[in-house]
Amino acid sequence: MHVGFLGLGAIGAPMAARLARRGPLTVWNRTAARATEFVARHGGVAAPSARDAAAADVVITCLSTSADVAALLEGPDGILAGLRPGALFLDCTSGDPATSRAIAARLAERGVAFADAPVSGGTNGAEAGTLTVMVGGSAEAFARARPVLAAFGARIEHVGPVGAGDALKAVNNALLAVNILAVAEGLAALMKAGVAPRTALDVVNASSGRSFVSEVLVPERVLTGAWPRTFRLALLDKDVGIATRLLGQTGVPGPVLELTSALLRAARAELGEAADYLDPIRISERHAGVELRG
Amino acid sequence: MHVGFLGLGAIGAPMAARLARRGPLTVWNRTAARATEFVARHGGVAAPSARDAAAADVVITCLSTSADVAALLEGPDGILAGLRPGALFLDCTSGDPATSRAIAARLAERGVAFADAPVSGGTNGAEAGTLTVMVGGSAEAFARARPVLAAFGARIEHVGPVGAGDALKAVNNALLAVNILAVAEGLAALMKAGVAPRTALDVVNASSGRSFVSEVLVPERVLTGAWPRTFRLALLDKDVGIATRLLGQTGVPGPVLELTSALLRAARAELGEAADYLDPIRISERHAGVELRG
Amino acid sequence: MHVGFLGLGAIGAPMAARLARRGPLTVWNRTAARATEFVARHGGVAAPSARDAAAADVVITCLSTSADVAALLEGPDGILAGLRPGALFLDCTSGDPATSRAIAARLAERGVAFADAPVSGGTNGAEAGTLTVMVGGSAEAFARARPVLAAFGARIEHVGPVGAGDALKAVNNALLAVNILAVAEGLAALMKAGVAPRTALDVVNASSGRSFVSEVLVPERVLTGAWPRTFRLALLDKDVGIATRLLGQTGVPGPVLELTSALLRAARAELGEAADYLDPIRISERHAGVELRG
Amino acid sequence: MHVGFLGLGAIGAPMAARLARRGPLTVWNRTAARATEFVARHGGVAAPSARDAAAADVVITCLSTSADVAALLEGPDGILAGLRPGALFLDCTSGDPATSRAIAARLAERGVAFADAPVSGGTNGAEAGTLTVMVGGSAEAFARARPVLAAFGARIEHVGPVGAGDALKAVNNALLAVNILAVAEGLAALMKAGVAPRTALDVVNASSGRSFVSEVLVPERVLTGAWPRTFRLALLDKDVGIATRLLGQTGVPGPVLELTSALLRAARAELGEAADYLDPIRISERHAGVELRG
């Protein structure tokens, strides 16, 4: 079974590297140098064009947005013409459900099955093969996808129809974002009231207010002053925007998530496209005139 | 060392029961029958008045609000007159920092040391002696308080000056509240998009959006349909109100926590004084026309 | 010049009635009885199908949503086939910019010019011919549209390219919605603090907090207890949703408008599809336990 | 009838100047030079101390906060000792209801009547004698206050018991603040969508979204680029904080006003204590990368 992999970014490259150990792999990346470099290190073949990479049994995309995937399909150089009837198309992009459904419909016309399969776990998880994969699609597509996704995923869940994977990834990231903002607000106020952030987190983490943000992210990355840059705020903002559009489309009121989306967009406007997703915490620090260290 | 314990509520009673095993204890409760019943089961002496209960080496209060504690101090029947110079006054109420500081100042005039010492861990934690206790006060008061608090607390933290315990408890509960609302919004939208809540939580709990709410409360209490009534929404609303006043007093902007406070107050107005703190999730269910079960 | 008018709703019918006095008019409505009744009262011709009504020099649509307009264009009975090259298509729907741009592109392929032209002023304004019309489109389309729109509009503004009329209408309605919610919150709290709502509004309206809501809507419709049903909450919710998507698409953070959108959606879920746009004020009344009358 | 006036700030000075034309006036200001200068221009007598100024039939205070008024009363140099039994104390500060009630109780012990009487209309209104005055107090106090307040007020309303004037002023300013933020969000998004801000406001002001902010403040001060500095953001933030505490105390949920309060505090933290109350509009401009001029 031949796999074509398109999109060798921070997450895509280590995912593809694990696939390269399993069988025949063709890769493609918009910046061709990354594909050449990939092949030199991990094997496989660098395709001259996206369309060539797409001539495979299973095609996997891992791009920034669903719009990027849709753009890759159409047009004179579009990969649609290169896809084989009967192929399986897995989109690991953190995409949006509506675009994924449109892509699935377009592919179905060519006899190609589609599943959205966004991942969680970061670069480390991709390298270690311990990603969580949220698959949206038919039961049949899931059954075909699972062994392929097992190359990089430890937890592979069939979460619903096409778009469900995207929806769940977006909501997860919205919950992540809520906690980033809320923990920053709370710790900043506490520090001004004389409570050290480390002490505050120790207690919160032994109580009912705890979250992944309070247990892992802030202690390891903020209190230490390390601030590693691992995931762009611009991408988190995009994901939370997908979650709020999901709220709109399903008619479910979500004041907390919608405010979070608006605040994240403000932080992005303030901090720029290169900012890390934890950098909004710096805004709370600045507003309060404190540094959450210790 | 003689302990006087005032306030035999859902948390106070099991805390006092553990103190009764350790040494001389006098208890008081506004509804006297609860004190009589307590003494019959756990021992100690029921004081005829709050003032009598306060004539002890260590006085512990566990009431609904700081205002209740302040009201107990003053007036013709106030306990202020009954306190012994040199006594230690520990307030385990989930109180507000400003009132606690005023109480501390009032007690200092009588030579009585004060620490705010709100607890976390619920009725179960109180019975098991595994509460987390957040102590605000001087180092000296903390040193005196710790062995007493050890009767019911497993984690006893000195978190800052008077009021710091209250502040930290309030922020912890605000983070709890944010997650209750945000998880409900997200799960309701996902369910309408075809993702079962159990599946959604399984994935979120293996990812970055997880919290105590997603890992414990919603799976155990909502998905099962159990909805136990363990903590009144009215009290959580009060605590989050304390957190937002803390934001105001420290001048720290907290849009997420302040919106949470407003929404919680709306839920309380909607659901009534007897509602449980997880009942706001029912509002999301109703708005979305779904039941988060499975 | 022949006009075809599609959509004889609460606003559309009086608009079309004014056009009927000016020249040849063909009308169409999904429920055909309304068209027959219209012709009996105001003249013109009832077209047997939407496509027949669209065979005119100027086609005007006035439907609930842009999606309704788009749906009318396509398909076996779609009006696209009935449109004359060189015709002018004016959409008076309170639409969304993205769909309007897609419709404009589709029409351009057939040589038909498009402008979005949503109106403000209600049924009364439509009858009196005093509507404000916000036109998005080319300068040429605007020049052609203006004399037609003058049949029912007193203020006809060219506000920008295609979609700009929709965007402006949506933002206007979002500002309307913000004031409905905020005035209700403020008046309810003041009433509980002993300030009568009429007194409060008299002062606000002589001060800097005043708005159309405080000056006109609440005094005339709420304080009197009249509560006329003139505009559905569901439609206001749709408009505010368009405004928040505009914020998202332009990357402009809008926490106040986005929260307003979320709260309006909650009110709609609570009050139902038939509720009036001022009914969210009843939620504040209920929460506060007051009636804003006087 | 002798009037003592304390607080010759931007609003207080022109108010006192109008009183000086009517009868005997003693003034006091924390920075004594302002009082000397006032007397040179407008007449009256500069008191050597606040206590001396307070020895009058009617005492008027016009300070930044209720806390400033309370601080002036007490202590070794406090004016409490200087007040005459039977005097009338009018506080024109934009104060908070709870402190005003405490002040009223304190004054009642000395036989001094109190009314809170905050004003609206700005420096211009104070100079022209056209202020709106919102009076909270007994009917008797209002009857005595009205002729005095008529020196600078054109609209003098008895709005409720002590604290009601403060409450109403705070809510008015909260409604002002909501519109400042919402109009900025909307205009910034519209400008990015190709709608000029002047055009947008022309249409909104002929429609249902209009407010004092859209009709007067933004056209005169922002679109022109004038940005006059007339009222500090820090003071508006304080007022909106009073409004949200009122919501909390009355138990009325106010998500829109509470979010507004949080965002205003963030703007203040960002822009500093000297910023003008319209400067938050600059934040929307910066986030959107536009200037609302034209």
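The first chain written gets the first letter, and so on, giving A, B, C and D; residue counts start at 1 in each chain.
Quick note on the criterion: a contact is a pair of C-beta atoms (placed from the backbone, for glycine too) under 8 Å apart; a residue touches a chain by one contact, two chains touch by 3 or more.
Values in this document were obtained by computation on a predicted structure and should not be read as measured data.
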Report same or different for the chain B and chain C interface, where same means the shared residue numbers exceed half of all residue numbers found there. same
For the Cα fit of chain A against chain C, please give the angle of the superposing rotation, nearest 5 degrees. 180
Would you say A-B or A-D is joined by more C-beta pairs in contact? A-B
Centroid from C-alpha atoms only, then distance chain A to chain C, rounded to Å. What do you get? 38
State, to the nearest whole Å, the distance from the C-alpha centre of chain A to the C-alpha centre of chain D. 49
Whole-Å gap separating chain A and chain B, where each centre is the average of the chain's CA atoms: 38
By the touch rule stated above, which residues of chain C touch at least two different other chains? 247, 251-255, 259, 263, 266, 269, 287-288
Hey, which residues of chain A end up touching chain C in the complex? 241, 244-245, 247-248, 251-255, 258-259, 261-263, 265-266, 268-269
Contact set on chain A toward chain D in their complex: 255, 259, 266, 269-270, 286-288
Give every residue of chain D touching chain C within the complex, in rising order. 97, 120-121, 132, 134, 155, 157, 159-161, 163-164, 167-168, 171-176, 178-179, 181-183, 185-190, 192-196, 199-200, 202-204, 206-214, 217, 243, 246-247, 249-257, 259-260, 263, 284, 287-288
